[in-house]
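Data first, discussion second: the structure below is written as structure tokens.
Lettered A, B, C and D in written order, each chain numbered from 1.
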Amino acid sequence: MKKLNRINDFVIRFANVNGSGSASANNLFAKAVFRLGVPVSPKNIFPSNIQGLPTWYEVRVCEKGYLGRRGGYDFIVAVNGQTLKKDYEGLESGGYFFYDSTKSLTEDYTRKDITLIRMPLTDICNREIDNPKLRPLLKNIIYVGALAYLLDMDFSILTDSIAKQFSKKPKLAEPNIRALKLGREYASEHFAHTCELSLKRSDKLAGHILIDGNTATGLGALYGGATVAGWYPITPSTSVIEAFDKFTRQYRMDESGKRKAAIIQAEDELSAMGIALGAAWNGARAFTATSGPGVSLMTELLGLAYFSEIPVVLINVQRAGPSTGMPTRTQQSDVLACAYASHGDTKHVLLFPCDPKECFEMTAESFDLADRLQTPVIVMSDLDLGMNDHVSMPMEWDDARRYDRGKVLDRAALDSMVRDWGRYLDSDNDGICYRTYPGTHPEKGAYFTRGSSHDEYAAYTEDTDAYKRCMERLSQKFETARDLMPASHIQINANAGTLGAVFYGTTTNAANEAIEQLGEKGIVLNSLRVRGFPFKDEVRKFINSHDQVFVIEQNRDGQMRTLLITELDLLPSKLISIAHVAGTPIDALSITRSIEALLIDKPKPETPKGGAA
Amino acid sequence: MKKLNRINDFVIRFANVNGSGSASANNLFAKAVFRLGVPVSPKNIFPSNIQGLPTWYEVRVCEKGYLGRRGGYDFIVAVNGQTLKKDYEGLESGGYFFYDSTKSLTEDYTRKDITLIRMPLTDICNREIDNPKLRPLLKNIIYVGALAYLLDMDFSILTDSIAKQFSKKPKLAEPNIRALKLGREYASEHFAHTCELSLKRSDKLAGHILIDGNTATGLGALYGGATVAGWYPITPSTSVIEAFDKFTRQYRMDESGKRKAAIIQAEDELSAMGIALGAAWNGARAFTATSGPGVSLMTELLGLAYFSEIPVVLINVQRAGPSTGMPTRTQQSDVLACAYASHGDTKHVLLFPCDPKECFEMTAESFDLADRLQTPVIVMSDLDLGMNDHVSMPMEWDDARRYDRGKVLDRAALDSMVRDWGRYLDSDNDGICYRTYPGTHPEKGAYFTRGSSHDEYAAYTEDTDAYKRCMERLSQKFETARDLMPASHIQINANAGTLGAVFYGTTTNAANEAIEQLGEKGIVLNSLRVRGFPFKDEVRKFINSHDQVFVIEQNRDGQMRTLLITELDLLPSKLISIAHVAGTPIDALSITRSIEALLIDKPKPETPKGGAA
Amino acid sequence: MSSRRPVFRHPNLPKNDLGYTRRDYEGLDSTLCAGCGHDSITNAIIQACFELSIEPHRVAKLSGIGCSSKSPAYFLGKSHGINAVHGRMPSVATGANMANKDLLYIGVSGDGDTASIGMGQFVHIVRRNLNMVYIVMNNGCYGLTKGQDSATADKGSSSRKGRPNPFEAIDLCETAVQTGAGFVARGFSGDKEQLVPLLKAAMGHRGFALVDVISPCVTFNNTPASTKSYHWARDHMEATATFDFIPSRQEITTDYVEGATQNVTLHDGSVIRLHKTDNSFDVTQRWSSLEAMEQCREKGQILTGILHVNETLKDTHDILETTDKPLNTLTEKDLCPGNQVLTKISENYR
Amino acid sequence: MSSRRPVFRHPNLPKNDLGYTRRDYEGLDSTLCAGCGHDSITNAIIQACFELSIEPHRVAKLSGIGCSSKSPAYFLGKSHGINAVHGRMPSVATGANMANKDLLYIGVSGDGDTASIGMGQFVHIVRRNLNMVYIVMNNGCYGLTKGQDSATADKGSSSRKGRPNPFEAIDLCETAVQTGAGFVARGFSGDKEQLVPLLKAAMGHRGFALVDVISPCVTFNNTPASTKSYHWARDHMEATATFDFIPSRQEITTDYVEGATQNVTLHDGSVIRLHKTDNSFDVTQRWSSLEAMEQCREKGQILTGILHVNETLKDTHDILETTDKPLNTLTEKDLCPGNQVLTKISENYR
């Protein structure tokens, strides 16, 4: 048998039971890799349940810097009896199977192509740890200690991490450090030269941070100046609000200890959106965060915000649908539901962050865009981005930057107006009109906001022409939005290339890696990462200048492909859907394979939706 | 001045104040035209308000049988002071301006190209009708009497209508008939040879009926075997339920006077859809009816029905959006909202009736389709179809027809099963599985229905493969649905024609008329009327076999065009949107003009969305 | 319909403390049916605001959807207003209030808008004690959709449709008191004498103030068999203790008989002086309020007047401990911690 | 996780009147946290159905979304069930019941599912008096989303998150009684002795039966400062009159002291015999029920037991006057009037 022998390039998986405290131990490991300066991408694969069901934590270590999921695993810490067999069978050939040998494996564990690493974790715990309450937790720390030895890690990274973590309660650090050492010692005694995977300090990460997208989103809302949030708990969006709550308690307190923010846990999502909308109408920056089911419930109010032109921000942390679907799995499947949310002719502005830094930036930016465009802006995050830790460049804020509150008339502006003000009068010919906040002026600028048809002066109307003017102006405003969208990321690998790839959000890392893999095989693709909707002109140009474009995304129906075709009037046969329908984050290899297969087996124009990763 | 001189071919408009009882008088007139055997299409243009605002009733009389709106009006009964000037100005040259001359016109009524018909309606009422309470109502009847003379109508048609209407209370007929006569007498004394429009008995209508779409829909639900309806009032869908209620009280009573139907006015649309869904889950045929805002609110539950495969029927009587929009105006703007309703990857079956007969048929059929496909079916009616009277072929029911309850296992079937039953096991390979109703069998066939991911045996799962199998089976089921959709109506006017038109629902009449108008100018179009979604194969074939296809519809964004392109992978530049963004029913002339303009000014491929009717 | 009516000011119209005439508190012409109860309530709102010298532009008007919800267009034309979607005014009001605690929020809703589609939001806005006046124009039916029974229609009551309503009525005042509202009153559109001071008192209260007003729908629900008709309401009204509303600026005279009145001082300093009678109850006690309402209900009477007041409750801002300045006036300086802090925050993620 | 557990039948297990063992009423293994109150309630439901000899397949189980709403998968594995979306179980139950009046409908919901997102639907299902047993597994928090306060969390109570809840609690029993429910009871997951008969009585009632059960969330809301914790519930439980549940088949013995008990005969013929004590009240009187609940609430006690019964109310089918046969069994012949009638109908449109 040939053992896998690699430095800083492998996948390690932890198979645990949820509610058993494994998360912090596994995080400790991932963070240690990060602190070693090695690019790392942890993925938590957890059930929609609180305690007792299988959960996996997968850590990809990749010196080269690929941060998407790789697929497969080379090392498994298998400490969940329920999934032991499956975990065993899924291991890559040449890999390492680390398990709690307190209970021995049954006879059907017969693989010859892997290395077993037997560690009697439970026994060690029972023997070494006096307090039985601490045992389940520390068992996890023990295996991290063992890993340090097995992978030849700098041990101080781990102990420092623990010390940092418990800096405020150093007493608690002690048993953890002891557990780490217990693990390392046992391993050094029993597993010398067992494992040929290793982790070396590197310099691939300079200035980077390791953070989850939802925390960055919450920070973005803080920096973007949000003051009102209405929300309703739903996985995986809850932690956006938790982060905003935490940060406002730190950075938004006035002298008297009162908060410069109002966060309301609403009774449901209709109310959450209503709260955000009401606050935005009244001149505060306001938002809500939710996931699929919540988006469906907010549909009617999104239509009101669109038609009455209220700048509200919605953070949609997508999860696997339809319906309740898989609440703890990731997906990019609300693209159409968000782009066209609500009955009637409606279209919404979408932003697609791909990493925590963009979560921060786009969330902060979304408030400017919403205010400028006076329309809802939806930030399309997802569970993978929102709830997993990601290596990211640090967030930055230009202190010279000023909030763009858009076209708002204050008292002085109203006083100095010469001609009649009309709330929906398009005096700049960009589809965007001037608004006023309630309470501004004793005599001027008051109007009645409504979701029913209105004329330029905000008066109710059923007049065909007035209605049509309003609807066409809204279309024009959407054109204005196009120019304001963040630029696409375009990468040209072959100047006269005929093949292109389009993707967005959390598909980015895997797609980029797949493009490199394909490049190595002589298949050169140019790529464009979509960052906003309505699509900027460069998107059309990019697609038009290629013969075949693969649209890579994480949903069944190729929703971004649909949106591209209809909104840019593209030739559908040119756009080939690479759709990942799994609920787990997309990986490079399956993209590579799908594209290869499609290119060999050249698609006929009639069946362009050929690929499925 | 040349007076308009036409027989059975003109448009007459009534300008009234709502809540003044004009509706029944105007109906009386339209019905009389119908009873003369002349094709007629009345359109009620009313405000979202109960009393005191302008309302118009437009009656197109057309011997040739065009039933769409024509545009313009040749004769106006102008009895609303609020709109008098506008009504005056809008009249076609050569037309007739009939008004209540009790109050004389001001000096700015200076048109020379029209004929004024002065009738002191109020004076006549005050003089001739003793009971002041009856005056406002009978004033309307008086002008109908005058019209009878002016248009040279067979007077007995009107008196018979009145007699029929009040057959149960003949006493009430009397003052009405007297009012009719008053009107006729005054006209005959004062308006001899004034009007050159006339109505002659014809034989164009044989066996036809004059009925509104919502009544036909309600009947369709009765015949289709619906037993449970959950609903919430909203214009223009309310009368669907009112009709169902009325018909079940007539035809669904058991011997003891109890009803074989349960109709629940819910507290909102979420509940209305929940009721329909719960009943359908439990084996009853169930439905709800709503309009745009309600559809938005039902979005989440539609997703549940899609994913857990519950056969529920939704009647969407569309109105002008977005948001509250124009609640009493018509539109076809919920196509995308319905086709893709709900977050996640979802698609829904849609039916597009174009006249009352199809409302009846498709509603009845929708229950079969929902049961067969175990998925929501949405009947896409609209305000014009639902609330206006239409000349229609009579409804028919084949007594040999049996309800298709789809794949349902009863107790005997469960007993005789050899292999394990799984609720979501696709044993027929058509994507449709076998269901059981609760309470069927003491030991077999029970399962837990859920909107979360489930395997073939309905067990909760987060397994990637099981999830994927389920999602792909649902796609396959949608393919099965394709074949079950009603056939498109295709009309080939030129065998090797290069121009085509696609339309649906209430756009049909105007589109057909426009095609004839264009034909007369040498522009020959073939046409296809879409009747269901997913689109049958013939739709793709039709479009592919033409160079340019105009998609004619009543919304801003060309929603059907979008759906066609994405679902059939069509070349967008080939599909040209003729979009009517008014809220009033689409008319032939503007379609004709748009198409003509587009053909002269040949569109470049980059800007295919050229037309706007 | 034009959105602006000709401005014609009579020089001798009476003015209030701010120098405004009553006309300054009016809005567009109503488009409701002639005689609709809602228009009377609109007039009472105008009167109350005028008499209280409220700055018109410091009011925000909110409503849902329905005939009732149209009425904010007909009063306070100098105030901003918003028509939410059906049943969702409470949440929109909550957001609006969070954004600016300094305006007076007047919400108008219908019985359909509140007791059916809006029931969930209504209960929760009460629970949060949002500082606003919430007026229900209660006609027991869905006016705008042509007269269906609403959830406040009494059992057995029948509208123009003719079929007696078979379901029990929801009493929004009971719901509000039970859920902990600090101000609950009921009026009748036909009794302006009582309604105007009720509205004034509600405006003086801090926290959620419900004013449920029986408001006959003359078109669909004014039949003899309807318990929301004019006649029925007039004949079955049972007023609680009558009261005087004494604005904060006015001195309180002491010429009353000891024990015969009860004074409740409202947040803005104004006082409600309740005149006790034999059958009056202590409106400051939640439980007596509920009992009094129940008793009337059982007797088929409509209890009107101030049904409950409690001035000790915290409003939503108090509960959330938000800063004193309206949130919508905070600037970048107040809100954005700047790049240095961000760098420090980033440190935690290394 | 497999959907089917191995069927192993012990030959000597006790059987009920139908010949079923208790195991026939069980479902899948629970995936809730070890010690979760919800599992105890699940067991009580199993016990009640077993003891009442309910035909398992004649039950339909319904729930919303939440830990609590998962539990129908863990009882009555031979019954059909449906997980609605969050908060919408009441409407789905309404439709289901309309389709087939002959099944026993058992709904399970959480406090989040009912008192927050489901509040509107809850009030309206009570108002319609749908014939079902509606069980709220009430833990004062959102278990499945990790412990946020729910609307039934008492003011000042704090969960593992540590911040005392600043809002007033909604008491679903009070809401139900006030809205006119015919059967309202409260239990505690830790008191099976009381809970099983409560559930049985609820199943015997015709119309809407609410059983609100305090059900501690051991993971997020079992702290000493939580009023929904085991300890708090045990220490503050105040039972109303104790009672015996006497199934319909059992003869009622008369060995009780005159005046010391009150018998209420339920729709299915079974009887609740309430033992009066000094502080007991008349549970058949809506008003005394409310008063008793309020009093306990003010004292910081949790009143458990049967809080209100009224056997005289019509259920939704009665109110709507639907035919006796379940609607889902009607055939074309019952439903479709045929072409001849259609031709006649068409005549009216000529």
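We adopt the following convention: a contact is a pair of C-beta atoms (placed from the backbone, for glycine too) under 8 Å apart; a residue touches a chain by one contact, two chains touch by 3 or more.
What you see is a predicted model, and the numbers here were worked out from it, not measured in a lab.
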Out of curiosity, which chains are bumping into both chain A and chain D?
B, C
Would you say B-C or A-C is joined by more C-beta pairs in contact?
A-C
Distance between chain A and chain B based on Cα centroids, please, to the nearest Å.
43
Intercentroid distance (Cα basis), chain C paired with chain B, Å:
40
Can you list the residues of chain B that touch 2 or more other chains?
48, 267-268, 293, 300, 303-304, 308, 323-324, 450-452
Touching at least two other chains at once: which residues of chain C meet that condition?
1, 83, 85, 116-117, 119-121, 123-124, 128, 151, 320
Any idea which chain C residues touch chain A in the complex?
1-4, 55-58, 60-62, 72-73, 77-85, 88, 90-100, 102-103, 120-121, 123-124, 128, 316-317, 320-325, 327-328, 330, 332, 334-339, 341-343, 345-346, 349-350
In their shared complex, at which residues does chain C touch chain D?
116-121, 123-124, 127-128, 151, 166-168, 170, 174-175, 178-180, 287, 290-291, 294, 314, 319-320
Chain A residues touching chain D - in the complex, by the definition given at the top:
19, 48-53, 232-235, 238, 265, 267-269, 293, 323-324
Please output the residues of chain A touching chain C within their complex, sorted ascending.
35, 208-211, 215, 219, 222-223, 225, 227-228, 230, 247, 251-252, 254, 256-264, 266-268, 270-284, 286, 300-301, 303-304, 308, 394-399, 402-403, 436-443, 446-452, 455, 457-461
In the complex, chain C residues that touch chain B:
1, 31-34, 65, 67, 83, 85-87, 112, 116-117, 119, 142-146, 148-149, 151, 219
